[in-house]
Every structure is written in structure tokens, then in C-alpha cells.
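Take a look at these structures.
Consider the two complexes below, in which subunit A is the common component and subunit B and subunit C are the respective partners.
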Partner chain A sequence: MAEDHLWWRVAWRNLGRNRGRTLITTSALAFGYLSAVVMVGLTDGMSAELVENGTRLLIGQAQVHASDYLPERSMYRTIGGQNGVDVADLLERLEAHPDVRAAAPRLYGGGLVSGGEHTEAALLLGIAPGRERHVTTLLGHVTEGRAPASGSREVMIGVEMARQLGVGVGDELVLVAPAADGSMGNDLFALVGIFDTGTPGIDASYAVLALDELQRLMAMDPGRIHEVALTVSRPVDTPAIAEALGAYLGSDPPTEVRPWTALRPELAESVALMDSMNFIIVLIIFAMAVFGVANTMIIGTFERTREFAVVRALGSSTGNVARTVVYEGIVLGALALVAGVAMTWPILVWWHRAPPDLSALVGGFSWSGAQWRPVLRVEYSLEGPVLSALALFLTAVLAALYPAWKAARIPPADALAGR
Partner chain B sequence: MIDSSGTAAVRTDDLWKVYPQEPAPVQAVRGLTLEIEHGDFVAMAGPSGSGKTTVLNLIGGLTRPTRGRVWIGGQELGSLDDKKLARLRLERIGFVFQAYNLLPVLSAFENAEFTLLLRGVPHEERRARVEALFKEIGLEGLEDRRPSKLSGGQQQRVAVARAVVGEPALVLADEPTANLDSTTSAALLEVMERLNHEHRTTFVFSTHDPRVMERAHRLIRLVDGRIDEDRRVEPAVPAR
Partner chain C sequence: MRRIEAGRAWILTLVGLLLPHPALAQSPTAREIIDRVDRLLRGESSRARVEMQITTEHWSRTLEMRVWSLGVDYSLVRLTAPPREAGTATLKARQEVWNYLPRVDRTIKVPASLMMGSWMGSHFTNDDLVKESRIVDDYEFVMSYDGRREGVSVWEFVMTPKPDAPVVWGRIEEQIRQSDLMPVWVRYYDEDGDLVRTLTFDDYKTMGGRLVPAIMLVVPADKPEESTRLVYHDLEFDVPLDPDFFSLRNLRAQGG
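Our next item is the complex of A and B:
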């Protein structure tokens, strides 16, 4: 115990002998930590942005359907079957769950939209506008007019469909859709809004109505909906939340809850790709640090060749000589960690709260079917900084191993003779 | 710690040390055979390059002989691995180097207690031993000073304290007075003589210094790695 204390003391004081060098090495490691944590934070921010943009525009972070609705999306397979469900009660139950932030009911129909002499195939989407605003950003993309209101024959279409039909706000459109009773529902609707999501597929194919209007057009009762879209407390954890929600809802009515990772697998793959990038970036940063620190420690070891020889001559084992060098690495790692954390956290928190807006330099763009904001967003959790701290420690210890091995192999007589 | 089994403190048999070097290997020690008794005070003299330091290194187990064998208190060093050899040095041999070689990051006290710490001697005993020794060799009040704040003589006395504090059977001193003035040298030699006398510690010096030779009980003169002269002498300066 006392002997171990001696080697820690020697290690600590050795670091104090060349304070400039220790400061530079510590700073290099601390900056390595800062770089790793910020890079991880940036890619986590990109992942979060990707998930949010990819899910919040239209699909939500999770969806509840009748258990037999997907993948065919038959119009008859509404939640609760032919009898439907008490929609208000279902929404209330869902929003009572601690991980659900908001829920919005939806109905889908395939149909045609005609304006003047033009007709386009469309996906008709019935929404509850008041709820939809809390789940998706679709209504935030209305560039002309407004969202359709409940109880009035109003429709909103995308900018691309409006261009193809040659219509504008205030014009009348005819909507035709197969109804649940086997008839063909059709009616005249006022075009009250045009949206521009930046995603051509959506802007060209969606016609959005109030839920009750689409139910009426498709001859469906008010209790019949195809889907409840959800936002959850932790989008990254949606798969686990969806599983918990499935158990929470039980089998009355039979439903299934799908997370965004199942609804948008390409998004999940992009996030996995970013996680891999994170790992590689951290690996590169700390690999560079290992060589830098090892180089400094080798120089320090070389300078103390005679001291190691004396220690060996006095009866220390080679293990003790190696131990003191490794302890130096550990102390260096601890110092660097304190400096790194002190430097990193304020930057991370500030960056998280006020992400730099690059809109003056670059515009928004679309990736993976999602619209991106030109902001450098940083996200953080305990995992990234803790893993980086572990990596920093490993770096310091790994960097000390080779110098320790070299120090332990110093032949005492030759070193004392200056050979 | 002193081996009183009747075997010699040091014995060597046909000891050779050859350094591979270009253009020709250097034979630093050539067939050295000697025996040193317990409690002896031996000066090993000779010109530079005569092999004095190499002999001390071979006896101390700091380097392996090219040929031949060394025994310390009956223990043959060639049969020991590095770990056991280090343990033997720790428990039986004290070293005093020409250039003091104190550890600069430790205080005088910490340097002196170094080998006791490695041997796991309890704190109180270490303190008592080092304090007594510091008092004996005039280092009182300098315990907390780092080597850089000590004079050459003070550093060498700390080095002697470090070598003898564990009461080793054998102390090997490589030109211990080479960097000291005559007064400091005399004081240091008196300390070593007293330890030799009181504890029956065996001292083997390599030296050029006539003051050391005057106090030796036995003088071994080396030339070109061989014993040129080996005789017992009456110390010119009697031990106090």
C-alpha cells in the first residue's frame, strides 16, 4: 500500500517537473475530448434533426393502426373494425401514457381531384387540424390560404398538385373517392389552402381534408379512423416506447403500434450510419491522441533513463518501473479529463441552446425524404461524454504502455554508465 | 541482514565481461577471481578503464557476466532471474553512486527511506530509522529538501543513508568521494567507517582517491580488467 503510494507520488511529481510539457499534453488530450464530444454531439444533432424532420412532417414518430391494416392499407380495416372506435377515448388513453406527447387521428382514401379540365390521382388525408398541429408540421407548411376546417367542404392541396391542376386558393375542386358502402363518393370542395413541404412526392399527391369531411365523403361513421399518429418524449427510443404502448393498449380493440424505425427504415439506416461515423470519428481523434501522448511520454522516459536505472539498481522490479510510467499516464488522463470536461460542457450546453444558424450561407435542403434546416444542432446525452471520457482514459493509459515497457527494459548498468 | 553463515560476503570465480563493440570487443573484466569477507572495507583502485565500475556492477547484479560466476553471501547470482536478482539487491546490497543519483522528485527523507518502502517496512519504523541515520550523519533539518536544494556533500550523505538504511550486508560504492572536497570526503568516509565498524557492513569501493585508500583494510588494484595487486593494509587513518 505504502509502496503503491510511493509510485503514485513519483508519477505525480514527475508530471510537475516539466509543467509546460504536461500542460501541452493535457491540453492535447482535453481538446481531443472536446473534439470527440462535440463531433458526437453534432452527429447526434444531425440524427435528431433527421428523425424529427423525417417524422414530424407527416408520419409522426409512431403510428397506431388496426392490427391488420398494414401493409395492404385496405380502407375497410379501420381501428376497431367495421364498428370503429370511440376516437376521443382512444386519444385520451394514448395521451395519458407518460411517453406520448400528442396524438392525432387520421383517415386515408385513394381518389381523384379535378379542377377545371384537369384531374389528378390523389391520396386523400383526413385530419383533425387542432391535433395535427401538435403531431406534425404539415399545417405549418401552408404557404397560401389556410388549413381546411371541420364541418365545411374545404380542401388543401400541395403546391405541385395545384400547379398541375392549374388552380389556386378560392377555386373549386371535385373530389371523387370509393366509399365504404360500395358507392363512389364525390363532392365539390373549396380550395382553401396550398402547402409547400419541399418534398415533391407529398406536394404532388396529397389532398388534405378535415377528418369528418373525408368520413362523410367515404360514407364512414365518425368512429372510423385508419391511424393515430403520435409524437413521443424521446424519438430515439421510439421502438421501445412503441412496444410499451402496444402492451398498454392491449387487445381491445386489436391494434399495433409501429415506431418510425419500422415506418421509415431508410431513416433508421441513416441514423445507424451516423452512429458508425461517430465511432470512427472518435476512434480517429483518440488514435491521433495516443501517438501524440506516447511520443511525449517516450521523450520523458528517455530523459529519465538514469533515474529508472537507479530505481532498478536499488532493487525495484521491472514491474514497478513500468507501473510508475503507467501511473503517469493515468494521472495525465485524469488531469486531461477534468480540463476536458470543464472546457467541453459549457460549449456543449451553449451550442445546444443556441445552435448556429447557417441560413445566410446555405439554404434548406432535402435528404432522406426530409427537409433540413440549415442549423448546426448539437445534441448530448450522458452516453457520448462518458464513452469519450473512457476513451480518453484508455488513450492516456495506452499511450503510457510502450514507454512503460521501454522504461522497464532499461539495463541498469549500461544506463548508469551513459551507454 | 548480515550473512553470518561463514560463507564469504562476495566471491567471484573467473569473471569475464566483454562488451561487443566495433572494431573489436572490449574486455572490461578478464578472469577475475576474488573473495571478500564479511565486514571488510575494501578499496578497488586502478586507472580509468581498468574495470572497477564493471566489477562493482557484476558483484551488484546490475549486469550479467559474459563468463564466470558471482556469489553474494553464498547465493550464486547467475541462477536468479531478474525479479529475484532485484529482490536480492533490495535486501542485501546498498549502492552509492559517483553522481549521487538521488531521485530528484523525492525529498532527502523520501530518498533515504526508498528501499525501506520497497521492502514494506512500516511507516513508524522507516521514520525512526531514517531520522536516527540523518542525525548520525549530520543531515538533521534537511529532511524535506529536494536534491536540487542540497550541496554535493549533502546529496552524497543522503545517498549513503539510502544505501545503508536497510542494513544491507554489502555496500558497493562507486567513487563516492570523486565529486567532493576533502573535508566532506573525510566526513563521509568516517560515516562509512563507523557503519562498517558498528554494523559489520562490508564495503567495497571503487576509487582513485588516496584518502579512501588510506582508510581501506584491503586494497585491490586492477589493471586492464585483471587483479594487478591484492593486499591487506593497515588503515593509515584509524577508524574512530
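Our next item is the complex of A and C:
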């Protein structure tokens, strides 16, 4: 062990002999670490943005349905079946769960919206406006007028539907929907608001009204709802939370809790794609670093050919010579890690707190069915930095292996003889 | 998407079948027979009182209605019961379908995207009212059976759509009685060859001077416990009607 300690010291001193080179190599590794962590943070930020935008607008992060509701979405399959459910009690139970931030009940109906000369097919969505605000941003996208209120014949439609119907706030609309008793529910509603989510499919097809009004139109009791949309404490962990919630709710009434990963599988796939991009980015950055570090270390050992020959001639084993070079790599890695973390952490935190807003340069856009803000957002978990640190360390050691092997193979006599 | 031909049959039946059929020439081709049945079920104009009994998994209800039709282009259906929905009416004028809703006193044109939607909660679609493709124009025919079934001489036909025909069925099978050219049943299959629905005719009797099936039953294949049953109470043919009768103005008029 004492001898081992000696070789560490030799490694340390060797690094100190050419400080310029050590500084440059350390910086290369530290910058590699910085770029890896920031790139991972950026893609994580994009993933988070994707998930939040894809879920916050309308679907929420998890949804509770009657267990037989999906995938047919039959209007009769309300939570609790024909008898419905005590909605207030269900919401209270859900919100009592530590992982549920907010819950909002909903009812759907397929129908017609008619105004003036025109009629369009629409998805009628009944919401509890006060609760919906805490789960989705839909009501925040009202660009004209206001959200419909409970207990009054009011409706809000998307900007695209309003355009197709040729109607504006204040106009009267006819809503038609098949009712639960087989009749055709129809009534006059006042158009009180127009929303613009930026997602054409939603702006063209949704007509939003108060839950109680849609229940009345569809001849359904106040206890009948199709869905409870939820916001959860940790969106990334929604699948696990949804599973726990399913067990928590039990089987009376029979319900099913679906996370956004199941409701929007394409969104989950995008996130998985970004995760694999992360891996590739880290791989490329450190592959480049490996060769850079190996290069300087090969030169470093080459310069010390005579020195290694002397050490060998004095009786050191080839293993010890190789060991000191590898130790150099390890020490270099440790130095770079300290420097990298010291450099990266403040940048990451600053970037996370104040993401550069590129709105001035580019407009928002829609991708994967979600509206995007042009914001370079950075998210970080422990995983990215720790994995990058591991990669950096491995890089330093890997880069030292070849020079170590070369150093160990120096023939003492020939080297000393200058051959 | 697939209720069109039944709709045709429905309208045709609503319209009624009209000409007493001349005796068929010996060994008629499949096409000739179908064409004759097709024409037989098409009247110049008609007026009827119909009861529609709809049974679904979740509810059952009976609608009573009056129906007028003119050629293949026009028809008007006005509900007379249940009282809550009396006055609700559907107008078909050429390729368009309009609904009149007395509760809000508005007429609404059924948008193209909802043509495949259910008509008044029944197992007919709005499209059934509109699509008037003549079966002889859109399908190829093969007589698959000529003989007795349960003691009755019948023909059975298999119809497959012509390559570019604007139809939604993959195959239609129909059984027709040889003695009086009355249809017995029609089966509709999708493009995958799966049965989608079966139309059964019954209670053949003379109404408005012609032999017609007074009962028509539609059963969706995926929900055999559900059905829509049409019962004709009165049926008159070749009544004086002109296209003006099938106007939006008349759609709103309560009298009919």
C-alpha cells in the first residue's frame, strides 16, 4: 500500500510538471462535461416542455374513467355506470391523495353546433370551469369574451370553428347532441367566448360548456361524468402515480386511471426518442474527449520515454509503469470533474431559472400536437450530471489505457541507448 | 359508413313498390331480376305513416312519423310522436339533409362529417336517406342460389361493388322470393367480408294497391340485441307532390 501511495504521488507530480498541458486537458474534459450536461438539460427541458404542453392544454396528466369507457368512449359508460357517481365525493377523494394536485370532472358529447347558415360537427365538452383552471390551460386561451358559466346556457368555441360558422361573441348557437334517453337533445346557447389554443384540431372541433348544461342537454343526471382529468405532483412519474391511484380508488365504482403516456403514446415516444438522443449526445461528446485526452497523454508518455526506461532499469515492474500512467488519467479525471462541476452547476441553475426566450426571433409552433413556446428551457435531474460525471471519469481512464500500455512496453536498454 | 343500401331500401320501401310486376321472362339474368326489384321498390311518389321501434342496449323508444317522397331526390319525414319530439323533421333534397328542431325553431343542415351518424338514434344513418346509387349501376351480380329455401322458391344474389363505385359495402347478399319478387333479407358486409348488418322483411301485404313488406327490421351484426323496426301503417303511391313540397319553408311548417 505504501508503494501504491508512491505511484499516486508520481502520477500527481507528473501532472504538475507540464501544467499548461494538464490545464488544457483538464479544461477539455471539463468543457466536455459542461456541454454534455447542458445538452442533456436542454433535451430534458424540451421533453418537459413537450409533456407539459401536450398534457396541460386539454388532457391533463392522468385521467380517471369508467373501466369500460376506453377505447370506444361510449356516451353511456359514465363513471359508476347508469347510476353515475357522487362527483363531489370522488373529486374530494382524488384530491386527498398526496400525488394529486387538482382534479376536474368532464362530460363529452358528439354533436352539432349550428350558427346562422352553417352547421359543424363538434365535440361537446362539459367542464366545471372553476376546477378546470387548475388542471388545464384551456380556459386561459380565451382570446375573446369569457369562459361559459355554470347554470346558464352559454358556450365557447374555438377560433377556427367560429370562423367556419361565421359567428362571433354574442351570437346565438344551436347545440344538438344525442341524449342518453335516445332523443336528440337540442337547445339555444349564447356564444360567450372564443378560444385560440394554436392547435387547429382543438380550435376547429371543441365546443365547451358547463358540465351541468351538457348533462341537461344530454338528458343525464348530475352524477354522470365520463372523466376526471388530473394534475399530478411529478409529471415524469405519472405512470407510477396512475397505478397507485388506481389501487387507491379501488373498484367501487370500477374505474381506470390512465397516465398521459397511455393517453398520448406518441408523446411518450417523443420523450423516449429524446432520451435516446441524450445518450447519443453524451456518447459523441465523450468519444471526442477520449481521443483528445489520449492524444495528449500519448505525447506525454512519449516525452518521458527515457524517464520510464530509467524507472524500469531501476527495477520497477512493467505493471507499476502502466499503473502510474493510469493513475495520471484518474487524477486528471478527478481534477476535470471538480472543475467541470464548479463550472457547470451555476450555469445550469441560472439557465434553468431564466431560460432565454427566443420569442422575439421565432414564433410559437406546434409539434406532436402540442403548442411550443420558443424558450430554451433547461431541466435537470440528478441522473444527467451523475451519468455525465461517470462518463467523464471513464473517459479519462480509458484515454490513459493505451499510453499506459505503450509506456509499459518501453525497452529500457534501447531507450536509454537512444535507439 | 355502411347503411346506405339499407337506406335505399328503406326509402324505396317508404316510397313503396309499385308497379304490379309483369311476369318475368323465362330464365332472367341476375341483373334483370335485381333491376326489376329495384324499380319495383321505387315509386314516383308516396305518402306513408310509419312507426319506428328502436331498441338499443340502453333504451327503447318508438317514434311515429309521416313520410313523403318524390322520386329518388326528395323525401320528408316528420315525427308525430312522442309528443316531446313531435314536429321534429328531416328533409332530404338531392344530396343534402336538413333537420328541423321545433324546440329551438331552427333548421340545421347535417354536415358531411355527420352523414354517417345515426338518424334520430336509430340504426339508420343520415347517409341512408341520401345515397341513392342504383344497385344495378354500382354492383356486379352473381346469382348464387336458385331453388327452395324452407319451402319457398327463392333466388339469392351476391353483389360486389364495381371497382370505382362510390359505395361503402364490400359485399351485399340478398334473397328474393321468386313468386312475387318480394325481398326476404339483405345482408351487408364490409370490405373485410364481415357481416355488418342484416335487413329482414316481413308482413307482406297490399298497401296502396301494391304488395309491399310492411315490416322491415335492421339488426347490427356487432350488437344483435339491438334493432330498428319499421312498421308501415298506411302507404299510398303516386300521390300528387311536387318538388316545392320538399322545401326548407315546408320543413319548418308544422302542418306538413
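General observations
By definition in this document, the second predicted complex is superposed on the first by the 419 of 419 C-alpha atoms of A that agree within 3 Å, B and C clash if a C-alpha of one lies under 4 Å from a C-alpha of the other, contacts with A are read in each partner's own complex, and residues count from 1 in each chain.
Keep this in mind: contacts are C-beta pairs under 8 Å (C-beta built on N, C-alpha and C of every residue); 3 or more make two chains touch, one makes a residue touch a chain.
Since this is a predicted model, take the numbers as computed values, not measurements.
When the two complexes are overlaid on subunit A, subunit B and subunit C sit side by side with no clash. With chain A used for the fit, subunit A forms the apex of an angle whose arms reach the C-alpha centres of subunit B and subunit C; rounded to a multiple of 10, it measures 140°.
Look at A:A413: by the touch rule set out above, it reaches subunit B but stays clear of subunit C. By the document's definition of touching, of the two partners only subunit C reaches A:V176; subunit B does not.
In the superposed model, A:E72 lies in contact with neither subunit B nor subunit C. Contact with subunit B, but none with subunit C, is seen for A:S317 once the two complexes are overlaid on the shared chain.
Greater residue coverage of subunit A by touch, when subunit B is weighed against subunit C, goes to B. When the shared chain is aligned, no partner comes close enough to touch A:D252: not subunit B, not subunit C. Fitting both structures onto chain A leaves subunit B and subunit C with a minimum C-alpha separation of 77 Å.
By the touch criterion given at the top, residues 53-54, 57, 60, 62-63, 82-83, 86-91, 93, 95, 97, 101, 103-106, 110, 114-115, 117-118, 120, 122-123, 162 of subunit B touch subunit A in their complex.
Those residues of subunit A lying in contact with subunit B across their complex are 2-3, 6, 9-10, 13-14, 16-17, 306-307, 310-318, 320, 411-414, 416-417.
Within the complex, the subunit A residues that touch subunit C are 76, 82, 110, 112, 114, 118-121, 174, 176, 178, 180-184, 186-188. Against subunit A, the residues of subunit C that register as touching in their complex are 54, 56-61, 84-85, 88, 99, 101, 103-104, 106, 108-111, 113-114, 117-118, 120-121.
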